[in-house]
Each structure stands twice: as C-alpha cells, then as structure tokens.
C-alpha cells in the first residue's frame, strides 16, 4: 500500500509537471510528492523492521536492505527537489538557462526517482534491470541538461558506458536464470526463486554470471575501472542532480549487486565474491584517493570522492563480519553527506561562476555558511568525527585486519592519502582571502536549508539511530 | 560533599559548561564583546570547576567509571574513567586553561570586526572539552573520537586568522600530520580490539597477558609514533613549529603547554598502565628518542628568530626531557626496580606539569609582545623592557623557569630528572648504563643551550634599544592579559616551593597508575622540607633555596647600599660609543647572538653562513649582508619526498581518465576478461 | 536436418555481421547489416514461436521485427542522410590487426574456462560459442570505433547476441519481460539517435574522439 | 665552635678570593720577569671601586642594576655550599646539580646585563659567554659524574668526605680531574678561553660584559669572578683529591684542615699562573674542540669505573 502511495504520488507529480504551466505548482507538487514518498518509505521501513520482508503484491519484494535504501533515496530526492527550484531560479536570473527548463528538470527528476524506486523494489531481477536501464536514459537527459558541448560529451559517455555495462549485467542475469531447471525458468523468476534454487546451481556458471553482474552493475555504482563516466557526469549535471546520482542511484545499483551476491554465496561459497568485492573496492579506493591531490575541478572531486566511498563500502561488504555493518552505515552516511556537498558546491558555482578550484578562493568570506558546510562535509567524508563515516571506516578496517591484513593496510594508507588530497583542496577552496570582484553574501535561504538539514540529519544519525532503522540494519547484516 | 562532586554528574557538569560556552557564543550573533566575554567566562568557570572536581577526586582518593550511555553503535560507548592520572591531567589542563582564558579576554579584543569571534569561542571551548575528554575516556573509540575532535578544533583555531596564507599552510600541515598519526593510533587500537574483542581499556588490560610479544611490539611502535607525532618528537615534529605560532597566542599556549601533553598522557596510560609487562627496549627507545629531541629541539630554537616558533621548538625540547623521565620509568619497570620507576615517572609527570605552566606563560608573554609590536620577528624588537616592564618581568620568570634556574619550578623537575637518570646510570648492565648516560649528557647539553637561547630571546627582545618603529611604539598590554600571565608566573614559583610534597604525591600516584602498590618510595621529605632521594643520595630543599636565592642578593644590596660609601653619586650618560654615535643597528641581533653556536653545531643543523656583498662601485662595497640559514632536512628529505611521490602517482593515475570513450570501454572489456581469467 | 541448417545460417548471420561492423566503411551498409542481423534474431524467435505457438511470443516476434529490422535501420538511414555522414570514421585499429584481435577473441571464447557457458545445452555448443564470441566482438567494436553510429550499432548487436545466446541457452522466460526489454531497447534507440544529432549539432562531427574536453 | 665553623664556611670564599687573584697575578708577573703588584692589590682595587661614584648608561634597565647583586649573591651561596675545609657541615644546597644550576643563574644575569646597555661589546661578550657556558655545562656535570658514580651520591660533601678510594679508580678520577680543570679554566675565564687582563675587543669575553659597569657594581662583579675562581679551585681540590678535610669540628683539626686546604689551593693557582704564562689564548672556534677532548676524557673515565 505504502509503496503504491509512493508510486502514485510520483506519477501524479510527473503528470502535474507535464500539464501545468505554472512553475510554482510543479515545484510544490514534486516536493510534496517526495515528502509523501519519504513518509511512506519510512512507514515501509518500520513495517519491514517489525514484520520482516514486505511483499504487498507479486511484482514487489522489499527486504530490510531495500527498505533502508528506499527511505534513503526518498530523503535525498526530497531535499534535491527543495534545492532544485531556487537553484534553477538563480541560474535563470543569471541567464544561464531559460525559465522553461525548470519543467523539464522536474519531470525528469520525478521519472528518474520513480524508476529507481521500481528498480530497487522489483521482485524480478529482469524487471530491476529494465528499470535501471531506463534510469540510464532519464539520467542522460539530466546530465545533458545545459545543452553545452561538454554536457553532451558527458551524457554520451554516460550513455554508452552504462549501456554496455548494463547489457553485461543483463547477460549475467540471464546466466543466473539459466541455472534454473526449465520448468521454473519459463515464466517469472523472482529473487526468492533464485535464492531457493541457489544450492543446486552450477558453480562455474554462477561465478561467471556474478562476474558479469559485478562489472555490469558496478559500472552504475562507479567502481574502478568502470568509473570513468562518473567524474564527467557529476561535474556536468546540475548540482541537485549530482546529489541524486551519488545519493540515490549509487546505493540502488549496489543493492542489486548485493542481492545477486547473496545468491552467489549460497551457490559457490562466500570467499569467491569476497575476493572480487575486495579487489574492485580496493582498486576504486586507490584510483580515487590518488586523484584528489591533483584534481582541478571541485565537482569532479566530489565525483571521485563518491568513487572512493563506493570502494570503501564494497570493501566493507567484501571483508564481511562487522565490515558489512560498517558498509551499510556508510551507505547511509555517504548518501546524506554527499548530497549536502553537492548542494553547497552548487552554491559555490552560483557565486563564483566556475567549478575550477583555482578560481574559488576564500569561500568562507564569500559564502560563510555554504563554505562552512562544504568544509565540514568534506572533512566528514574524509572520515573525521563527529560524523559516522569515522566510525564506519574504523569498523571496516578492523574487520579487514582480521583476515585480509594486507588489503586492510593498503586501504588505510589510501584513506590517509585521500584525506591529504581532499583536505588540500578543501582548505584552498574555503580559506584565504576571497577575490576582490566577488562580493560576500549568501543566496536565498532555500539554497542553504537543504544542505544544512541533510548534513544535520547525517550528524544526528552518527550518534543516534532510530530503533526501526537500527533493527533494519541488523537484519540487513544478517541477511547479507 | 566531595563524593557528590566526584561523580558522573560532576563530569557531566564539566563538559556541559564548555558546551554552553561554545554553543552560546555562536548564538550571540554579531555582538563581539558579548561573545568574547561569554566564551571566556564559561571557559574560566569550566576550568575552575574542573580544578575543584579533580582536586576533590585526588583528595577524597575516589575514582569512578561512567559506563553505559551506549550509543546505537556496537563498541562505541561513552564510558569515562576518572582515576588519579586523569585527575592530575585535568588539573594540569584546567590550570593553563584558567589563566589563558583570562588572558584571552584581553587578547581576543584584537579580532573584533576582523574575524568572527563566535567561531573562535565555539572552537575554543570545544578544544578544551575535547582535551578533557581525551584524558578521561576509557574506551578506545571514544578516545579516538575525542582525539580527532581535539585535533580538528585546534586546527580551526590555527587557521582562525585565515586571511594569512601562512596560517592556512601551517594548518594544512598540522592536520594532515596529526591525521596520519591518528591513523597509526587507530591501527594500534584496532589490533588491541581484535585481540581483546573490546575497545574498553580495562578489558584490554585484562587481555594483555595472553597477548603475543610480536603484537605488543607492533602496538608499541604504532602508538609511540602516533602519540609521538602529537607530542612533537623529532622527526615527527615538523607540524609543531608551523602550527603553534599560527594560532592566537593563548591558544598556542594551550596547544604547546597542554595539548601535546595528551600524547604523553596516552603513552603513560598505554605503556605503564595497560600493556604491562613491557620489554626493556621500549624504555630505551624512549630515552634515545628523548635525548635526540631535546638536543635538536633546542638547537633549532637557537636558530629561530620568530619568537613563537622559538618557543615551539622549546616545546619539542621539553617533550624530549619528559620522554627521558618516562623512558627511564619504563626501563626501571622492565628491570623490576619499582622504586626507581616511581622516581622517574614522578620526574616525567612533574616536568609535564611545570612545562605546561611556564610554556603557557612564555607563549602568553610572547603573544603580548607580538600584539604590542605587530610582529613576531625578534630582530624587530629591543628595549621593550622600558615600554612594557611588567610583561618583561613575567617573561623573565618564564625564561628562568624553562632554563631550569632556581628558584622556579623548572629547576626542580629537571633536578629530579637528572637524579633519575643518574640512578639509571648506576643500575643496570652496560647497555642500559650508556643509554642513560647519553640521556644525561644530552639533558645537560640541552640545559646549557636552553640557557643561551633564553638569554638571546629575553635580551634581544626586551633589553637595549628598540630596533624598529614597531618596537618604539609598543605599549603595555591590557590588565586582563597581564593578570593572566601573572597568575601563571605565581604558579611557577608556587610549584617550585611546594615541589617536595608534589613530587612525593606524584610518586604515590605513579603507584596506582602502574598497579604496583607494594613499590616503596625512594624519596622522603624531612622536617626541613628537604626532599631526600635514597639514603642521602641527593637532597634538595625548595624553601631553603628560595629564601637564600632571594635573601642573599637583597642582603648584598642592602650592605653595599647602606654600609659602604653611602653617599655615592650615580650619574647616567650615554653608553660608551668609542667616539662614533652608537645606533640600535649596532646591537647584537638574535641571529648574531646564536651565530657562533649555529656554526659550532653546523654538522647537525646543516647551517650555512653566506655573505652577500653589494656590487662595489667604489673600492669598498656599499653593503654586506650576512645570512645564517639552516636547512629543514625533515621537510626536504622525508616529507617532501613522500608528498612529491604521491603527486607523481596521482599524475600518473590521471592518465586513466584521458577523455577517450573508446579507452573507457576497453577498460571494461579488459576488466571483464581479467576478472573471468582470475575468477574461474 | 533443415533445423540444423537454419540454426547454422541464422547464427552465422549474427556472428558474421558483428564482424562486418568492424570492416564496413559506409554507414548506410552498417545500418543495413544491422537490420540483417536483427532479422536473423527475429527468425530465431519466430522458430521458437513455431515450437511453442503461444500468441504472446508472436507479439514479441512482430515487435522485434518492427523495432530492430524496420525502425532502427530506417532511423539510422534518415539520420545519415540528414547529416550527410556517409563514411564511418576510421577505427583505432585498422583492418588486419582488427581482424587479428577478432580472431583472438573468437579463440578466447573457445577456451575451456567458457566451456560451462557454452555447454549449458551441449547440443547447442557451437551456437552458444558463436553468440558469446559475437558479444565480445561487439564490445570490442564499441571500444575500437570512433564513429558514434558504430558504437550504437555495437551496443545493439551486443544486445542481439545476448538474445541469441539466451535462445540457445534454452532460456524462454515470460514474454512480458521480453516485451519490457524490447521497449527499453526501443526507447534507448530514440535517445541514442537524439544524442547523435545533438552531438552533431554541437561538435559538428560524430567522431567521439573529438570529445576530449572532460579529462583530468 | 659550630657557629665559628659556619661563619668560616660562609666568609671564607669572599674573604680569600681576591687574594687568590693577587697570587696568580704575582706569579705571572714573576714568570714574566716583572715586579708585579702586591698580593693584596685586588683588595685595594675592590676597595677603591667601592668608594667611587657611578656612571650608568641611559639605556640600562633594572636588569643592569640588579645583576651585580644577584651574581655576587650567587657566588656567596655557592661558596657556602661547596666543601672547603670540612666535610661534616653542609647546606641543603650543596648538591651537584643545584650548584651547577645556581652558577648558571649567575651566568644568566651576567649575560643579560651585558646585553642591557645596547653596546656592541656587551652583546658579543654575552654571546660568547653563553656559547661557552652552554658547552661547558655538560662537561661540568659529566666530569663530576665520575665521582657521583664512584661514591653513589650527588652530595658534594659526601663525595669530599668519602676517603676510601681503591687504586683501580684513581686513574678515572685523575682523568675526570683533568677535564674538570678545563671546566675551571672555561668557567673562570682563564686562558686559553679568555684573557681577564685585556680589554681587547677581539679576545675579551667576560670583561666585555662588564664594560659599562663602574663603581660599586663593577667592584661586586670583579669580586664575584674572584669568588668563582676560588669556588672552582676548591671543588677541584676537594672533590678529586679529598685529603685533609676536617672530619670533626675541633679547633685544631679545622686549623689544620684550613692550612692544608690553602696549600692545595696554592697548587692550583700556581698551575693556572704557569699555564697562563706558557700558553696562548685559543681561537674562539677552536675551543669547542678542546672541550670535546675533555668530554671524551670524561667518557673514558666513566667507562673505567664500574
């Protein structure tokens, strides 16, 4: 029921955006839709926490991890919707885009989120694939929103790379299904069917299939070496879209990989998938960590940072044990903090008209609040307290030191290197004297509220997990 | 009464005072004066409460745990443990905080309108609270949490004057160094956790006996380097002389006087409290590192002419001295000489306390001078004793204390350190003997050099004639700042006079830290306040020395004034000038003063003296500039190399993102094939 | 016997056309050949319809026919005519070497590590092997060709090969899902073509290597 | 008797110190084939200076004015704390480290006074002084450390009072004594470190710091340096050659002890005088080498004792 509310509200919002002429009504409708969705998502989460998996009708199946991610993406979507309008309005005032574009953005945003919801909740692997593939299409237009050569380039790369990746994932999915006896395989194959037949799977086929899945959906997650589209897309998309991409799309793709991972582990034992996850996670961490120190564009930097985070999360799942717990925590924290970072980076862009790091100086003088939030958020992502990533990284490393000492140490080293790089950029962005021609002062308060609120949420969750969320995480850890 | 103070609620009150202070300041938007007062009044109150709290904990001999308050995470529980060591460090912290905050009321006035005083107040109180949390937490994760917050808050205070890019660079260096160090500490704690399955200190202690020696050694190395970096031991010190001068002076005082001591605190906690029993080489390592740090630290200080950097280098020196005591204690522990262990530990703790006092005093005085003149360059000072006599006297007291001159407190703790090192030389086999001997000699050498360094610092700052217009225009600083310094100066004397009792109680405190209750005390305090070491091995009487040191000069003055040639005529005239007119430029500068020592220690300092002769149009060159510079070998050879290595790697990895989509697809294909090849 | 011949023909059509994309110079021919390849796929689907005879599959067959054989090539051709890019941009790796790599890939899939995949249904081992090979060849096409159109075709032929593989792997799932997938491809086609013309408008070429603004 | 002993102990140094200087100067004069001033000349000088008026630099601060009293007072304290003729009475301050640091305090104020007037001479004077004392302090402690290790105490009186010395250690003590003698030369500004008789700016160290002083203050400074000389001489003879110190406070023993002590002092003075007559002053940057050699001697000595 609650899920239907989500879908209907989002569909309704889309329709309103399509038909109405008045921008304000679209914004209100979308924001309201996301608000309602977030509320019902938390209802679902609560239900799952109390009664276990939630499958209102046969197309839908929501386990604890799904519920967490559903709630998460809805929160991110909600704040992005709030942030998007004032942001676009500012750009329209600066004659960067036409006023009518707002309509397009909100339609695409709603559709995008709708597809994400369906992808993550669908009970059929194939359906999940179909919806995720469709997000690629919606995403392409969101990236090319500004219709500049550079944005077209980013969108094209995004389109091609992700299509290839997703087709590989499709193949992997099919391979999984071929494992089933013919009687089962014709008709609809659900996750649970796959799970129930997993013990009888052909191990080699399953291994190959999982490799295809990991590389395919890993492209969407942004694991190295399939990450190449990420910095381009993130840096070219409008700020709120960047938030949605790294805050909502990434976890969804990750969840689907994890669903397959559970099945694989049943079929071929855990060590296989563990090694793969560790390998790709570590590679991502290394590639991203080394990029920070010489990166020249702060939105690209955020892109790399979410590659690094994806890597750490994957590492956590790979290490297993307490690491899984850490990884799930980190999914939550990262989505929230990273969205806040994208919002504030949007404010930077509005103020300094450039996403070059060497252009932006003394942001703390120009934008006291945004820059403060940016600095705090960046330090939080780099793993400093009082934010939760600090603890989740410690957990990850400690679980790694049990069985994979070398990998854990390497990860630790590159976490520090990542900190060095990130922090170098952060201090050169925010501190120092501001350029003379930039005059101090924040934009509208609606540009400040979303990052502030979502960062505050992350901070609170760093200390206090609501009971239902906590039980969800526990269940998810067990089920993984 | 005491019981009610020494209780979880007492601790909660302590933290909440600083909490209110910090948050309240930010809420008072705009009104600088109110923010300033609010921030400091609360930190002062907090400091006072902390003193009451810790003092009554020590007096009532209570210790308590605050367990539970578990957050919704596994193994992060907000659990604290107040024992004697914690109480001692609370006292050390709060004493410095008290006077630095009083000073701060005057100092922060200079920020009005230029920087946001609200942020200052927030981070200042946060910083203090974090330090207190560090010395009270009894859970590894909570400790790391507080530790990072402490670093972060101090970082924001370092870059508080953020428009100066030097401060920004200093802050960057500081935070990455301390973060790397924290990574090592984290590893150490994780290793302990993986062994003990808990981050709780007591559980870890309980599980130590079953720990393999190799694991213990790894933990020791990680922890020693990690905490050593925070403490500023050479070669992990490079952040210290950069960061401490950058912060507002009273914050520098806290960082240099107190914050770096938290590293010492944790070393004591871990090495003498938790990881017992410890092998011999740990202690020897500490002594060797300590000797190096104290000699090199003071040598670098000699070459400095930025007054706050000079003081920062002296912190390195004094950390070295503390390490000599601590290392001695560890060696004695491994040699099963508990009484001597207590002696050295007392020396280390007492010197920690004293250094906190006089180093804070010196930084405050230096800050006053810098504020009055607007520069930190000693070469630009001179003659300030006339314009700011009280600051001068206070600085002089600090200088005498840090140079271990009687009758101030530095003298007694250094005396005690000497005694413990001599005992080390007397006991133990050939290796131990010579290591202790090395410590002893380097301590003596460092003492002499420190003396020279402070003659230079005081002389070229306050004496003779002003060497710049800034120094000419200097005025005495506000009453707040002077009273803050005066308090610390008095404390220097009091700690000195009361040294005998303090040392004894520190020894009995050491008993509890190291859980060696049966260890006898080697020291005894005779009726005449004389501190006896062993059976008349050595003895010292603080009151006697104080009285004599004050009375004798007075007596000499009195006699020569009133009994000999009472009607002497005293006229004042210019300094003898050999016929030329003598200008301030002829005075000896701080660089000139230290030149000969710099040259003598050339091999250690890599110092180079270069003459830059202006093109001689006529027969005689118009001007000759001599520059004495030293190479920072650590930055150049160690850290610089590491940093550039990372840079090179980074540029190399950038080639992955070459913008060509075909390549990107190829990556995927290759990843697929490799994964298939490896996976199956 | 006839069945065998039929399978051999269709599969080799798919396989050879995936190779042809590498060699073709003229974009028109590329799109034509794509139509041919898709026709092969449709034929296979139609065969399985004859096997089962469920009307839904017929729908799938017809839809596939419409989308892949008719709509896609026509769209391509219209695009080509509108923007007048007759000739495909040269690939990174030219003829001989390209063929060598293709051969390598084809050899790769015959290695024993792939045998469990190709022997899902032992009878169809040849076909599965060929399908797998043309998959990888298509990916290599996307990696090798600078021509935006070729990249799109590469992706589509990758999809075709996967479908072929699925058919020979005896994987006949509910046609609803097939339709869903097909719909996806359909929309994807539009999007891709839209982007090609956008690219042409902004960059004045469909040489993707011209797009090198975004890099570190 | 006890009171008398104390009075002697305290007054001995200031009263006899100028005589020591007189003796050295006399011997040097004789060696140089000069008549030389009378033995009591230093007393006359001090008396003359004490009754002169003073001229003080305008730039001088209170440091300049209090320094002489502190420096002189310190020598009084140390003089009372080192063993002179007896080893049975001692002050709480007669401890090795305490004495070293008390003397350092004197040097500290002396150097500050040198810088205070802003004269270039005073400046480099105190720079050189501090350079030397910084290097000497370590040697000072090291050279006495040998005795500390031998006698298991840092109390100077107990060191002086302990008569037993097995011959195995004599060589170590001798080596340490030699290096302590070098310390003495350095601390009392004697050849080859400094030349007390010259006011030649290229060479002077101690005198450079006193240039601005006159009258009483100069008298006190000169007197204090004389005290320092006798103090170090006393430490040398009583710590390294602890013979003939009164072990009780009978009149006879004390009288005997004092005569023996003075005799021992005379030996040291002769040695200094002869040395100053036969060797030249070393270049400043050669001095560290000399000190280092002495330091090596100490290490050897420490190595010898078990």
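Chains: A, B, C and D, in written order; residue numbering restarts at 1 for each.
Convention: a residue touches a chain if its C-beta (ideal position, glycine included) is under 8 Å from a C-beta of that chain, and two chains touch if they have at least 3 such contacts.
Fair warning: this is a prediction, and the values are worked out from it, not measured in the lab.
Asker: Touching subunit A and subunit D alike: which chains?
Answerer: B
Asker: Tally the contacting C-beta pairs at the B-D interface and at the B-C interface, and name the larger one.
Answerer: Greater number of contacting C-beta pairs: B-D.
Asker: Using CA atom means as chain centres, which chain is nearest the centre of all the protein shown?
Answerer: The chain sitting closest to the overall C-alpha centre is B.
Asker: Starting from the mean Cα coordinates of subunit C and subunit D, work out the distance between those two points in Å.
Answerer: 101
Asker: With centres defined as the mean C-alpha position, give me the subunit B-subunit D separation in Å.
Answerer: The separation of the two C-alpha centroids amounts to 36 Å.
Asker: With chain centres taken as the means of their Cα atoms, state the distance from subunit B to subunit C in Å.
Answerer: The separation of the two C-alpha centroids amounts to 70 Å.
Asker: With centres defined as the mean C-alpha position, give me the subunit A-subunit C separation in Å.
Answerer: Chain centroid spacing, subunit A to subunit C, equals 31 Å.
Asker: Among the residues of subunit B, which ones contact at least 2 other chains?
Answerer: 654, 657, 661, 663, 665, 668, 672, 676, 680
Asker: Which parts of subunit D, given as residue numbers and ranges, touch two or more other chains?
Answerer: none
Asker: Which residues of subunit C are in contact with two or more other chains?
Answerer: 139, 142, 151, 208, 211, 213-214, 216
Asker: Sort out for me which residues of subunit D touch subunit B in the complex.
Answerer: Residues 50-63, 66, 69-70, 72-74, 76-77, 91-93, 95-98, 101-102, 104-105, 107-108, 111-112, 115-120, 123-124, 126-128, 130-131, 133-138, 140-142, 145, 148-149, 152-155, 158, 211-212, 215-216, 220, 284-285, 288, 299, 302 of subunit D touch subunit B in their complex.
Asker: For the complex, which residues does subunit B have touching subunit C?
Answerer: For subunit B paired with subunit C, touching residues are 654, 657-663, 665-666, 668-669, 672-673, 676-677, 680.
Asker: Mind listing the subunit A positions that touch subunit C in their complex?
Answerer: Spelled out, the residues of subunit A in touch with subunit C are 124, 126-127, 130, 133-134, 136-137, 140-141, 144, 147-150, 152-157, 159-160, 163-164, 167, 170-171, 174-175, 177-178, 182, 185-189, 202, 204-205, 208, 231-232, 235-236, 291, 294-296, 300.
Asker: Which residues of subunit C touch subunit B in their complex?
Answerer: My answer: residues 92, 108, 113, 136, 139-140, 142-146, 151, 208-209, 211-216.
Asker: Considering only the defined contacts, which subunit B positions touch subunit A in the complex?
Answerer: 71-74, 76, 116, 141, 144-145, 148-149, 152, 159, 162-163, 165, 168, 171-172, 175-176, 179-180, 183, 186-187, 190-191, 193-194, 646-647, 649-651, 653-654, 656-657, 661, 663-665, 667-668, 670-672, 675-676, 679-680
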